[in-house]
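In the part that follows, the structures are each spelled out as structure tokens.
Here chain A shows up in two complexes: once beside chain B, once beside chain C.
Moving on, here comes the complex of A and B:
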């Protein structure tokens, strides 16, 4: 009985956590404090309207750029997804989602800043530097790999027999794409575009650092400036939050419904070589080219942007006391966020898997709900509700962890649900029929499937949390007792034009983030080995039945 | 049967059939050698244990598998180096390979559509088959609403309306129960009686042979298993 009650309780708890900040925002909107500037008046402010229009405009243009690059690349790269290198390609293309905005912005300065490589070579007009163009180019390029990943995953999941049947019936490559691939890609493309749109609309660091200030100002940067930079303007900030929610709500809700429907649909993705009459050398060359494209889109620009001088300064900085404090604090925040977000996701996954069919979509829906809110919306909401216990100017890092964890749930859930939500029941039965306990069957059948996905999703999330500027800067009062988190330190360096130093620190951050992938993978492999061994040992000793 | 010419024999040469000459297919660890001639009206069963290369042979004839040497001729034309989509042959796959994103009707007229046949013409050509195969009223349905037998019929009509020069069937009866299997075989034989195209089919079930096959080819393996030969009728 206890087991049955446990899951609905957690689902209710999660819903309550999500409701709290919205309650705070709504209360602020409804209650007038007697001042001249209420939320209602702020909502009629033409300046805020123009910021909202600009947010929509830049997000839409960014999406167009990302789609124009990502869709053709995804289609082209999809054949590589039918090979044994699939996992590598997936990691490469998923990485930019985990690369913190700060790293991306810094790399973009090295490419498209006043002294950037492209600018010096005359390939990026100087009048475009620190403008809407730079913001759109970076948003587009940064998100193209995600669209390419989704397109390639879907395209490669179409069974080869279906493609062959179309060929036998006389369909050429173009007809096959138009009539068979496109209808299947449609759903995937729809929600990948939606995600990119949401990310671009709520983008903070890139707009802040690369936009060059107003008029390149989005609702997200406006919220920040109204509560952190200028004189406190709660009504203005809350009005921006409402408009931000309006911008994201309609496509967001439509997308979430679309998404869980797509998730429930099973798709086969058996990796196999594409039958081709071409020789092995042609296939290898093609695979090599695809790999280079994936590396370029997924990772290379961020590394190419760093020069040797930055590396030297990074090494010098790493030895300092300031570095040790900053590193320790950032690692604490990232590990804390990963643990909390991982636990929340694990409970939600468990609930979604165990609840009957009708309730399952609801759990999926609320698990993915935070994907259309931003750190500032949550931060401001919590602040308005819990101002007695939290002061954003007093370095309450527990709130940073809570907000990062809540925002991490949709990412982790999305990554893990396709694997966790489709258990290999037949294989589990088969293992149990062969004498394995349910526990042992899990480690033999399910864990090998989960391991890679858990390591990748966890690593990418950890990387993102390590370099997230929005949540830490919202709660940073400049006096973190144990140091300054790395992203705040980097943003300070950039604002003081210490670009080499900033890049050096970012190099450390990138190295930490990427190594977390390997470390997590190793830890999970070890867990997969040691747990069944331990269980067997206990069984042999008669301590476990 | 007024549409017999339109949906059946028109455009097909009754001479020649399928001829496979000295075909060699290299697979990891073994080589498949083939010499066979299937004449119009013949229904040749390919027999052999699992993994011996029967399906590979069908796929090679369809152009879906690279061949090392030899010739595949359809109605006298050498199609060895022709891409699959231009060979004009019919394949019914083991798992049917229907297109789930398309409706029943769109699945049925797919082959005609890719050949540029107008919508009106497509409807005209398909109507008698839809009626005859008991799919009337299900044209707009999604594939998920069809039973196993109906799906099998969709796969067959889809192939048949393109007037293939040869019919390749990869274990077409394996997923059907005894009643559906007998129905489907009868349906196929009715079609072939009026329009005798050469048929090459893969089977594991010897009970199908008496009822459906006119000839059979069994694989012969060398003692070390490195060479597997399919030699003619």
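Moving on, here comes the complex of A and C:
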């Protein structure tokens, strides 16, 4: 009874947090401007309709490319996930999700620009340069590794006994994939696809820079222009927000319905390592090839964005005082965001896991809701509400952290829900029946499964938070007492023609993000070791949990 | 019990957020009580390597005061932030620094109508562009002439007029900025409107131009970065970009500014005293300082723009830059711009 009282409180609180920005926007769009006529007129604008259609079209095509590359690669690479190199593969494949948009755009130019490697080698037709083709290819390859990761994680969790049983019973490789793997992959694939779709639909810099201009654009452009240069058109912006929500939320709601049905059918599965019957040399060669594939998709493309000059500038910049201040501030903001976003996600995961079946989709829905809203709009909404009580320009780092944390919840929730939502109940019960406490059983049974996913998701989120500009640009007046966050610094450098220096700082940012993935993994391994030890020590001292 | 524990956790968290916010508010209020000047500006100016880095320390020494720079992000969001800030009622800002003629209609309602014309003698051409605005409180401090920057290594001839841009020779050779997200992009849009007065011809021009540009970058920085990577040999920028290259080792004149002989758009940047300024005296002192000889001398290298004050000796790299015969103003009402952007959207979507 107590549990039921506790969990809805947090769910309600989270819902209230999400309502705040929309309240601010709706107040501006509908109330402050006298009537809802302008919103209605903007909603009828045929140009906005064509942009909305195009947003859907390009996101769908990008998703197809990402799926076409990511699914086969994920299936092929999944055997590597049953080895001790799993973490390395996870980090490599998760990496692109944290890469800042500017780095991605630079890398895309280095590959597929007019002077790009592929173009010069004749592998990328020159007429495709700066067109919809480039946007789709960049979106596709940028996100393919995420789909590959999710597929490989899920595929590797299918018990090998089951696959072996199917083989013994006469199922060929195709039949095994169709009847055994595909039903398991379905839900995971759907959620990964939805995430990719939403990312492509809200893409801004890549679409504008590499698309060659209208009609290659997204609704995000329309929203941005309505609150920026020539006008402060809140009704128009609110109309675009409604359309964007429609474009993004409808597939999400359909997905929730799908997930809800899938959950009813679901049974938990356990991953076990079973040695392959193939020879060691074949396995090693295959593992090597899989590693090369993961490097090619997850790491190599982005580093082409940087040349030797960037490395030289990066080294010089790291030694400066400006670097120390900016790095310290960016790290503080990213760590704060990670902790808050992690806590919010943990509460929502707990609520989703404990609530009865019918309420669960609602919790998942509101946990994922921020991903259907552009960071720009979320920031603006909070800004409009916050301005009543405080000076929004006063560099309130709490607001930067709050916005980044809210935006991170859907990502962390999606990454963690597959493991958190399917607990190993039988193993947990067995452990407890053998005398382990609930706490000890968790660390022995669940934590090893959680650890990798938590480290990867947390690391990627941390990386993303380091390079995020949306929240920083809204709530920072640029006058932090010590330094400015790295993305702001990059923007400042570019405006003063310091293109090489900016590349150097971006290189440092990417290196920092990369290392954070490894560091977090190490920290969680340490936590996994030290917590049970500590618990045992306390138990010996007479403390009982 | 667990429910209470959960609530307690949130209570503690909420307390933390509340007290840390309150502490910051107290600190910022205390900072305000010292003789200080709050200036809303855009990020490029606010940067230590930007104009503020060149001017603010000197001003602080002169006035024995503290200048607090509040950055709005990029120049385009300056007016939006000013409008939102003004609505809050309790504005903590004294001055706005870095708007241009495009943003002036949105900035004007929030500034004191005061004439600062006696502060300094201004370049005749600049005065011709903003004489009315100067009477209303617009204090110009620098200007920039838009131009094409051409990579002469590509052997391409710069276009002589707008219509020539539609020629086959320029197909996918030109980098422009999106007028919805970039000030130079909007300036180019305005320029085309002024040059092609027939609305149908203008619409057809943009429809054809959309087949010509390589890409329409979201901002000047991205387009210039692509230009330097050799993606296209011509980019829409400022004549002072040539000066930047000269100062940074381009002795052979690889990157040259090219202007249309008859007219080019000019951006005049200004500062203004806000209506709700708490420290008007200091703010006026800053405006005076901005137009002083010592400050104006720092404009070229601090902001890559040209000083508005007459008789300022420019650094060598800035000397001999092309000058248009006719200077075209960017000004227009907010409604005009809104309508112009709508027409532009129809034109580029109609191809």
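As a convention for this text, the second predicted complex is superposed on the first by the 326 of 545 C-alpha atoms of A that agree within 3 Å, B and C clash if a C-alpha of one lies under 4 Å from a C-alpha of the other, contacts with A are read in each partner's own complex, and residues count from 1 in each chain.
Criterion: contacts are C-beta pairs under 8 Å (C-beta built on N, C-alpha and C of every residue); 3 or more make two chains touch, one makes a residue touch a chain.
Quantities reported herein were computed from a predicted structural model and do not represent experimental measurements.
Asker: Between chain C and chain B, which one touches more residues of chain A when both complexes sit on the common chain A?
Answerer: The partner making contact with more of chain A's residues is C.
Asker: Taking the superposition on A as described, I'd like to know which of chain B and chain C A:159 touches: first, second, both or neither.
Answerer: After superposition on chain A, A:159 lies in contact with chain B alone.
Asker: Which partner does A:168 contact after superposing on A: first (chain B), second (chain C), both, neither?
Answerer: first
Asker: Once chain A of both complexes is superposed, is A:204 in touch with chain B (first), chain C (second), both, or neither?
Answerer: A:204: touches chain C, not chain B.
Asker: Quick one: is A:184 in contact with chain B, with chain C, with both, or with neither? Answer first, second, both or neither.
Answerer: Only chain B is touched by A:184; chain C is not.
Asker: Figure out whether A:9 sits in contact with chain B (first) or chain C (second), or with both, or with neither.
Answerer: After superposition on chain A, A:9 lies in contact with chain C alone.
Asker: Tell me the contact category for A:233 with respect to chain B and chain C: first, second, both or neither.
Answerer: In the superposition, A:233 touches chain C alone.
Asker: Please write out, lowest number first, the residues of chain A touched by both chain B and chain C across the two complexes.
Answerer: none
Asker: Which residues of chain B touch chain A once you look at their complex with the stated criterion?
Answerer: Per the stated touch rule, the residues are 59, 62-66, 83-91, 93, 95, 97-99, 101-102, 110-111, 113-115, 158-159, 162.
Asker: Which chain C residues qualify as touching chain A in the complex?
Answerer: Against chain A, the touching part of chain C is residues 1-3, 6-7, 10, 17, 20-21, 24-25, 28, 40, 43-44, 46-50, 68-74, 76-77, 79-81, 83-85, 87-88, 92, 102-103, 106, 172, 176, 178-183, 186, 210, 213-218, 220-222, 224-226, 228-232, 241, 244, 248, 304, 334, 337-338, 340-342, 345-346, 348-349.
Asker: In the complex, go through chain A and note every residue touching chain B.
Answerer: The touching residues are 159, 161-162, 164-172, 175, 179-180, 183-184, 275-277.
Asker: Using the touch definition from the top, list the residues of chain A that touch chain C in their complex.
Answerer: For this pair, the touching residues of chain A are 2-3, 5-6, 9-10, 13, 47, 50, 105-106, 109, 113-115, 129-130, 204-205, 208-215, 221, 224-225, 227-233, 322, 383-384, 387-388, 390-394, 396, 398, 473, 476-479, 488, 491-499.
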